[in-house]
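So, here's a batch of structures to check.
Two complexes come next, and they have one chain in common, chain A, joined by chain B in the first and chain C in the second.
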Partner chain A sequence: MRLTLRALISHGRVARKMGLGPESRINLLRNLLTGLVRHERIETGKARADEVRFYAEKLIDYAKKGDTDEKAMKLADFWLTEKDLIPKLFKVLAVRFENQTGGYTNMARLPNRENLDRAAMAVLEYKGNPFPPLYPVKRVSELNLVNQLLKGYREEKAQMATEKKDS
Partner chain B sequence: MAACTRRTREMMGLLGILRNLPHNERFLSTSVMRHASDGPKFTPPTKPVFTDKAQEEASVRRVLSPEFIPPRQRTDQIKFYIERKDMIQRRKVFKIPEFYVGSILAVTMTDPHASGNLNRFVGICTQRSGKGLGATFILRNVIDGQGVEICYELYSPRMRKIEVLKLEKRLDDNLMYLRDALPEYSTFDFDMQPVHYELTKDAPVNPLKVKMKPKPWSKRWERPKFDIKGIRFDLYLTPEQMEHAQKWGQPWREYDMLKEYDTSSLEKKIFEEVEENLRK
Partner chain C sequence: MTVLGLLQFLGRSLHRLELRLAQAAGFDSLGPALAVNGPSVLPQPHHSSNEENSQPSFMDSIFWMAAPKKRRTIEVNRCRRRNPNKMIKVKYNIEPCVECGNMKLKHTLCGFCYEKISKETTNIRRQISVMEGGPLKAPAVESVVLYDSEKPSDADQGKRIVERNRKRPYWFSL
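This part shows the complex of A and B:
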């Protein structure tokens, strides 16, 4: 007999259910986080990327406290399964985000996976990574004909406005 | 004749008393006797002690009550702000002392059915819950062999007086296990006298480890989710049973950053705000 409504109503629950249970969820996120710290850009399911995002940013916040801080070191030791990444976290990533308070990650959606499940995919990266940007930077070339004509039009308008002011 | 002698005898008695009264300049009637008997030396009266009230107040340690700290929610902060204003207004009229779980309190409440309309209860505070104006605390006592727990609301207008008879902290935040402990740990005398405590120091922690009634208990207190340090488990559970209970422990929980709620900066801001408004 269901005695409590707690299990059924999920108002205010922030943690998604993933894997086989809470321990499995943490293990999944731990592997994802280790991969993210190693490669600085990973592709996973959308829900997993969203969950890892929170933990990734919190890990950087703790790493900023320095490797002398006991709690920061314990957390880094727990979350990074590959131990050669712990110095990278403290010496590279924490230093990179020294002057920022939040927003260390970028997340973008990808086309659905080609498999039968057509799962929604997303890419998660730490800002300042060495790869080409996720959203290509649009550069407007000034050497097009249309842009040259528009430039001339703007210059003429500015000239007429100054002549009107002088007179 | 007889009345005359009685009166003279009374007068003689009075004179004798007056002669033996302390020679004080204040007693003008007896100062007449002063020059007569110059025995004990004149002792000046004790000087009144001036205590600097401002310094005393400053040295008294002020602690923020836990019901001021808002929970982790999506509600607008203005709700907590308005509630805090009401709480401060109530606190200006009715003094709510600082107390912790494990302190012994005496609460006087209005009760239409009690003689004198007041109802006094003494007990140990087993838990403090609720935030804002609905903050409550539960007092436990054993009366005539029957355990009684009463839940009082701190900001209820029925509260008349809250006195702290003994201020102390225990090893846990929640003393619900006293229900399964031996009754001697929950009995407190109604006429208990308040124990003096230093206002400037932190509340003392009572490292008492409680003895329990035989198992089964109302809850499996040995399980890590309760995280109880104040029970003597070694008398009732074998090491195998303790290890078996650890199976329910979730070792990843302390590393789960999602479950953390850091209130230190919030607490500081609220503390300053509350202090400022209480002084007004």
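This part shows the complex of A and C:
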């Protein structure tokens, strides 16, 4: 016998509750998405960044259909509250991600906010933005002591191999 | 037990308190202050005594509240205060950042390195706002950041160039 209402069990529900209700949640996410399209990198709470990510990638998928597409233009008009970003979305972001099928955004967790609330923060960015990268590019320097020793060892080995061949 | 009974009890106790205060001060509560002194205790109205007898300790007993019976010993207190669920949990996921050597959590970006990146980003954004000149003027072209004595390359054709008046930081490679 069913003892609880289906409404009280949230198995498989993907959308988080945010703000004052579903409409408020969409408004919050819309503001975040507008900010993301304008600045290409934003810092927010971890849950909000995770929610916006889905909408950010869907928006790019629709923008790839081109600005002549009715539905794409309607969605862009709804989601971007600042209308000078609509040309940017279609001409810059859609073009940048032409050759990719998904994964247009990067999300990384940050240390908790310094305020009293110690909120878990995250940074969300579109890939290919002009700012410094979040993850440092790994550079292997040849001038390390260890790398110099290894280089010497490899050269010696090569030398011995050629001597053996000659003799 | 009823609300009415409780209110009646409170009323009566207040009445009793008032009479006792008046007797202590020497006032005759039932007569004006300038009248002739009569007997200090005037006859009480009869209905109050009847009600007190009919419900003896019923109403008064309702005023028992929960209170600790015994002092908690320091041993019991220590057990409660030092219980693992009240102690701060030890973190085992701290490691040094590869770039700067400050401590960071494994699943998080390094705070120090991110602070550097964030400051540079704000400087770049300040330069962009100067270039744009006002709000809501985002151009529909890509941007590229060039530092001192850097020339735009072939890949930067058709992009908006954001100039920064400093040499390129070592952690911001092309």
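As a working rule, the second predicted complex is superposed on the first by the 150 of 167 C-alpha atoms of A that agree within 3 Å, B and C clash if a C-alpha of one lies under 4 Å from a C-alpha of the other, contacts with A are read in each partner's own complex, and residues count from 1 in each chain.
Just so it is clear, a residue touches a chain if its C-beta (ideal position, glycine included) is under 8 Å from a C-beta of that chain, and two chains touch if they have at least 3 such contacts.
Only a predicted model underlies this, so the values are computations on that prediction, with no experimental measurement involved.
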| item | value |
| --- | --- |
| Partner, of chain C and chain B, that touches more residues belonging to chain A | C |
| Contacts of A:33 with chain B and chain C, given as first, second, both or neither | neither |
| First (chain B), second (chain C), both or neither touched by A:54 | first |
| First (chain B), second (chain C), both or neither touched by A:78 | first |
| Chain C-touching residues of chain A, taken from the complex the two chains share | 38-39, 41, 43, 82-85, 87-88, 90-92, 96, 108-111, 123, 130-137, 139 |
| Residues on chain A engaged by chain B in the complex (per definition of touch) | 12, 14-15, 22-23, 26, 54-55, 58-59, 62, 74-75, 78-79 |
| Sites on chain C touched by chain A in the complex | 98-99, 104-105, 107-109, 111, 113-114, 117-118, 120-121, 124-125, 136-145, 162, 169, 171-173 |
| Residues on chain B engaged by chain A in the complex (per definition of touch) | 73-74, 250, 252, 255-258 |
